[in-house]
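Listed after this line are the structures, all set down as structure tokens.
Each of the next two complexes has chain A plus one other chain: chain B in the first, chain C in the second.
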Partner chain A sequence: MIPGQGLLKGLAVTLTNFVASYPWGQRLLKLIGINGISGMFTVEYPEQQVKPAERFRYFPFLVYDGTPDNLRCVACKICEQECPPQCIYIEMEKDEQGRPVKQHGRTLPKRFDIDVSVCMSCRICVDVCPFDAIEMDNDFELGAYDRFQSLVFEKDKLLKSAEYFAQIKPTEAAEVNARLAAKAKKTATDKPV
Partner chain B sequence: MHSRNVMPEQALETQLLELNIGPQHPSTHGVFRMEVVLDGENVVKLKPVMGYLHRNHEQLAEDMTYIGSMPFTDRLDYFCAMTNNLAYAIAVEKLVGLDVPERAQYIRVIMSELTRLVNHTAVTGFLLNDLGAFFTPTLYAFREREKILDLFEAASGSRMMCNYMRFGGVREDLPDGFLEGACEVVDYYPKFLDEFEKLLTENEILRARTQRVGILPKELAVSASVTGPMLRASGVNYDIRKVDRYSIYDRFDFKIPLGSIGDVYDRYYVRILEMRESVKILDKVLRDIPSGEYLSPRGKAISKAPRTFKPPKGEAYGRIESPKGELGFYLVSDGSVNPYRYHVRPPSFINLTILEDMCLGHKVADAVIILGSVDIVMGEVDR
Partner chain C sequence: MDQLFVSLKQQFLDLSSRFLPESLLPWISMLISIAVIATIAPIIMMYFTWLERKVIARMQNRFGPNRAGKFGLLQPIADGIKMLTKEDIVPAGADRLAHFLAPVLAVIPALLVFAVLPFGRNMTAIDLNIGLLFFLAMSSIGTFAVFAGGWASRSKFSLLGAMRSVAQIISYEVPMVLAVVVVIMMTGTLSTNAIVEAQESLRWFVFTPWGFVGFLLFFIAGVAEVNRTPFDLPEGESEIVAGFHTEYSGMKFALFYMGEFLGAFAMAGLAATLFLGGWQGPLLPSWLWFLLKTYALVFVMIWFRGTFPRLRIDQLMNFAWKCLLPLSMINVGVAGLWLYLPAIIRWPLAIVILWTSAVWLTRLALPVQWERRTYQLAE
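This part shows the complex of A and B:
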């Protein structure tokens, strides 16, 4: 073997890749008969954005049906208990006597805070929620200028509609809706009015 | 140049030089420190110092439900989240005696072999960075890795922190189009490996820098309980996929590539060959995957209500061949919702213990590539 041959072969590879990283280069390579090397991979974020996968998860939100006061959440605190990094804080809405207030036939949270800086996007809160009240959002642009206050998302900031959920995750939303409809039907047949 | 022997050699007073490489140094792959004693350029003593990234993983897991530790295992070796999940799931399944449905076994094998591809491409890229081939091979490697990470995102929702495995299966079924996408990636992979090898394997500079550097003899490797590609590069035929035959690895036909003398070049080349074997396994798995359940009913109940899951008293050690070596989880249950003891056997930590033996007598620059060839991830070393 000629000394330096391996090195030159390697340089040929880098040259091909360099040429392939331009649109004219790709045409040129096709002309010479080198196929299968796609050159351009990077995306110029934020001008260009890649659509994330449907299951992409970043940060949880609370789902409401119709109007924002019609929350699915009943403040049962299961997610608070199961959250591995303990980033959820929930307080139930109560009247002066300390009895839970009911709205639309169910209890509701007075406070529901999630700390963005602690949340690790694991999706366990969604898995354990018996009411499908919490779901994962795919908005990842949550940067803030201060370190504490604006990174704690309170209830009103976490609220998002069921339509929004169906828009970002159609497959999962269809499953959830089917499950909820089955449940509603079951309660209706169990307790005839 | 006639100034040779102007001064008699005894008159030169030389001193050993103590040098800290790291903890903030690009060659140490994270926050790792090597206390090196140098005689000129040669290493005469080397002491690895770890613990800068200690996050109390094991103790935290003892205060958490069994499912609750699953996302934390992603963060051990953040290059191979899927295999970490798998090792933990296997340990718990052993503890309780859970069955895994057929389809889930196939999905697990797909994910762990894809992870092997991700890890080995990334580590060979980084090894070349350490050698001074600044970022060209790394970015070629990352280009391919990105395609696989997109698959992980489609299946699990996250590129690196997958949190995908569950006890008794996987969390979600594969999405539509996953298998086609995976087939495309896997079919292209040999082409990429050919290109990568053309760039590197015969390169004279690479050979001069890596051959006969950092030799790890067979006996030492075995007695230091080194595992993974490092052990196989020294010529020991030991792969837990063959030895233990966990999951469904006994159904696939693949070879265990072995090195001859165990230098840095062997470690590089064994990884390349292992990727080719992984492609072979993937080829078969992706075409054979049956339909069916992805998570057993018991597994579903556990992930829905983690606090109802109380394994019986006892202990279990689950291990797999992670891309870096033997990854094991040792669990002791006292019958409550939290594990009584939770221990991780991280491959890169144990592979790191013989760093000094490999580095002695070599130059400082070689110490850097020897460390690179060990393939460490500090998240796993320090936990």
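This part shows the complex of A and C:
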């Protein structure tokens, strides 16, 4: 037994990793016959980007079908009630008499604000929405230079199309579409009765 | 090329002798040496931190700092600016004077030891005939700063770190000095310059059995002396926050850091001087050889930090008193035999003695392994 054998073994491990972190080192190690050391792990973020996983979520957005005025949201305020950090603020669109305005056969929100700095990405708003009107986005680069104004996202900024949703989360979008189609079929068959 | 810096200094002196009285010249010569050391030292420290972060990052398959400048070369400057602009906090109830003096006291001895390091041929700032003694004395004053800082902070973490530091230095000073003794026995001098000159034409002391063991002992004890991993108990982050510099911020913290890194650099430099032939070496200029050897040892220090976990305090003491100290004493004995035996006998004899004692001492220093208890009734 060599005194300090274990220490030398440990030193060898770190040295091979050190060497393997260079491209020339990778070739050198391959030459000596040491394999299985991966080399650099770091993804240099702003230049290199990892495509987020499909189920990755960051911040909710409002879904519209076709044109931006055709919102799925009916301003029912369920998400506002359920939001744990209470970062959603909704006001329904109403006329002078205080009656809800209808567009495409349903009510719509006049204001729909979500505070990015408060939202905790829990997805409860998506789960409670009976109309599948709100979904989670995977865009996480929402930094801003000012602390209050630009971090509150208003309705215009939150609107995104159903196609966009299908593009970033195909599986989830397919489920939602199937559910909506079934609902539409049910309302269609129920109506004549 | 070899005498580049020496001749530069000479030219400067010649230039100043034209319009300055002759009696001032020795003072100017001293001033130049001091100025060079005082300028080089912070740069060495800054790029030591950069090197450390880079090398450790590579060992952990990361890039390390690479944003500030090419290869992150401006990172130490950014750190320096950050340190300078940070708030200076003194804890309530702290001994303000000692709290203020401790970081200064940490840097000064680390700078002073550079005076006796032979950076190259004719490049020792002052060739003291007790240079080695001066180095050892100065490098252990750093502990005083650590203890003063820890005591003055009025914090439990600081005090614990300081106590550990003192215990550690007392233990490791002994084997370190005994490891140096073999070199003094062989060369018969305490002057660092003369020690380097004794290792001419590749007769470096590390190539002899006693030199090799002495080098290992000195380097290990030196790493412990300058509080680097795996002997960084005085500032063990995971146990006592930051040890003796828990209550330090801003430039005071940076000074502690600087003292530590300069100490590590000087320790690597002294190890290179004593055992690796200092600035001796073929082809390349002497100062380059010195820097190469020193930075190789600095790399090994960083490599240690990337590899080993911190020792426990009892393991630390065990290792110093049961393993390093007896081995260094045996090494002194072997060096004595070496002086008086012919070459044919002394080589095998020295190797056998040192090898067997190293094997047995490491085995004895191992913690007691109790036999696994078997509960007969339970079965």
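In this section, the second predicted complex is superposed on the first by the 189 of 193 C-alpha atoms of A that agree within 3 Å, B and C clash if a C-alpha of one lies under 4 Å from a C-alpha of the other, contacts with A are read in each partner's own complex, and residues count from 1 in each chain.
Rule of thumb we're sticking to: a residue touches a chain if its C-beta (ideal position, glycine included) is under 8 Å from a C-beta of that chain, and two chains touch if they have at least 3 such contacts.
Since we're looking at a predicted model, the values are computed, not measured.
Because the two structures share chain A, they can be overlaid on it, and in that overlay chain B clashes with chain C.
Number of chain A residues touched is higher for B, counting chain B against chain C. In the overlay built on the shared chain, the residue A:Met40 is in contact with chain C alone; chain B does not reach it. In the superposition on chain A, contact is made by A:Ser21 with chain C only, not with chain B.
Applying the stated contact rule after C-alpha superposition, one finds that A:Arg147 touches neither chain B nor chain C. In the superposition on chain A, contact is made by A:Val13 with both chain B and chain C. Looking at the shared chain after the overlay, A:Val128 reaches chain B, while chain C stays out of its contact range.
Using the contact criterion defined above for the overlaid structures, shared-chain residue A:Lys51 touches neither chain B nor chain C, since it reaches no partner.
Touching of chain A by both chain B and chain C, each in its own complex, is seen for residues 3-4, 7, 10, 13-14, 17, 41. Against chain A, in their complex, chain B makes its touches with residues 64-65, 67-72, 136, 140, 143, 146, 150, 153-158, 161, 163, 171-172, 175, 188, 191, 195, 198-205, 207, 303-307.
Of all residues in chain A, only 1, 3-4, 7, 10-11, 13-15, 17-18, 20-22, 38-42, 44 touch chain C in the complex they form. Residue ranges on chain A touching chain B, taken from their complex, read 3-7, 9-10, 12-14, 17, 36, 41, 52-57, 81-82, 84, 120-124, 127-128, 130, 136, 171.
Those residues of chain C that touch chain A in the shared complex are 55, 58-63, 66, 303-304, 306-308, 358-359, 361-362.
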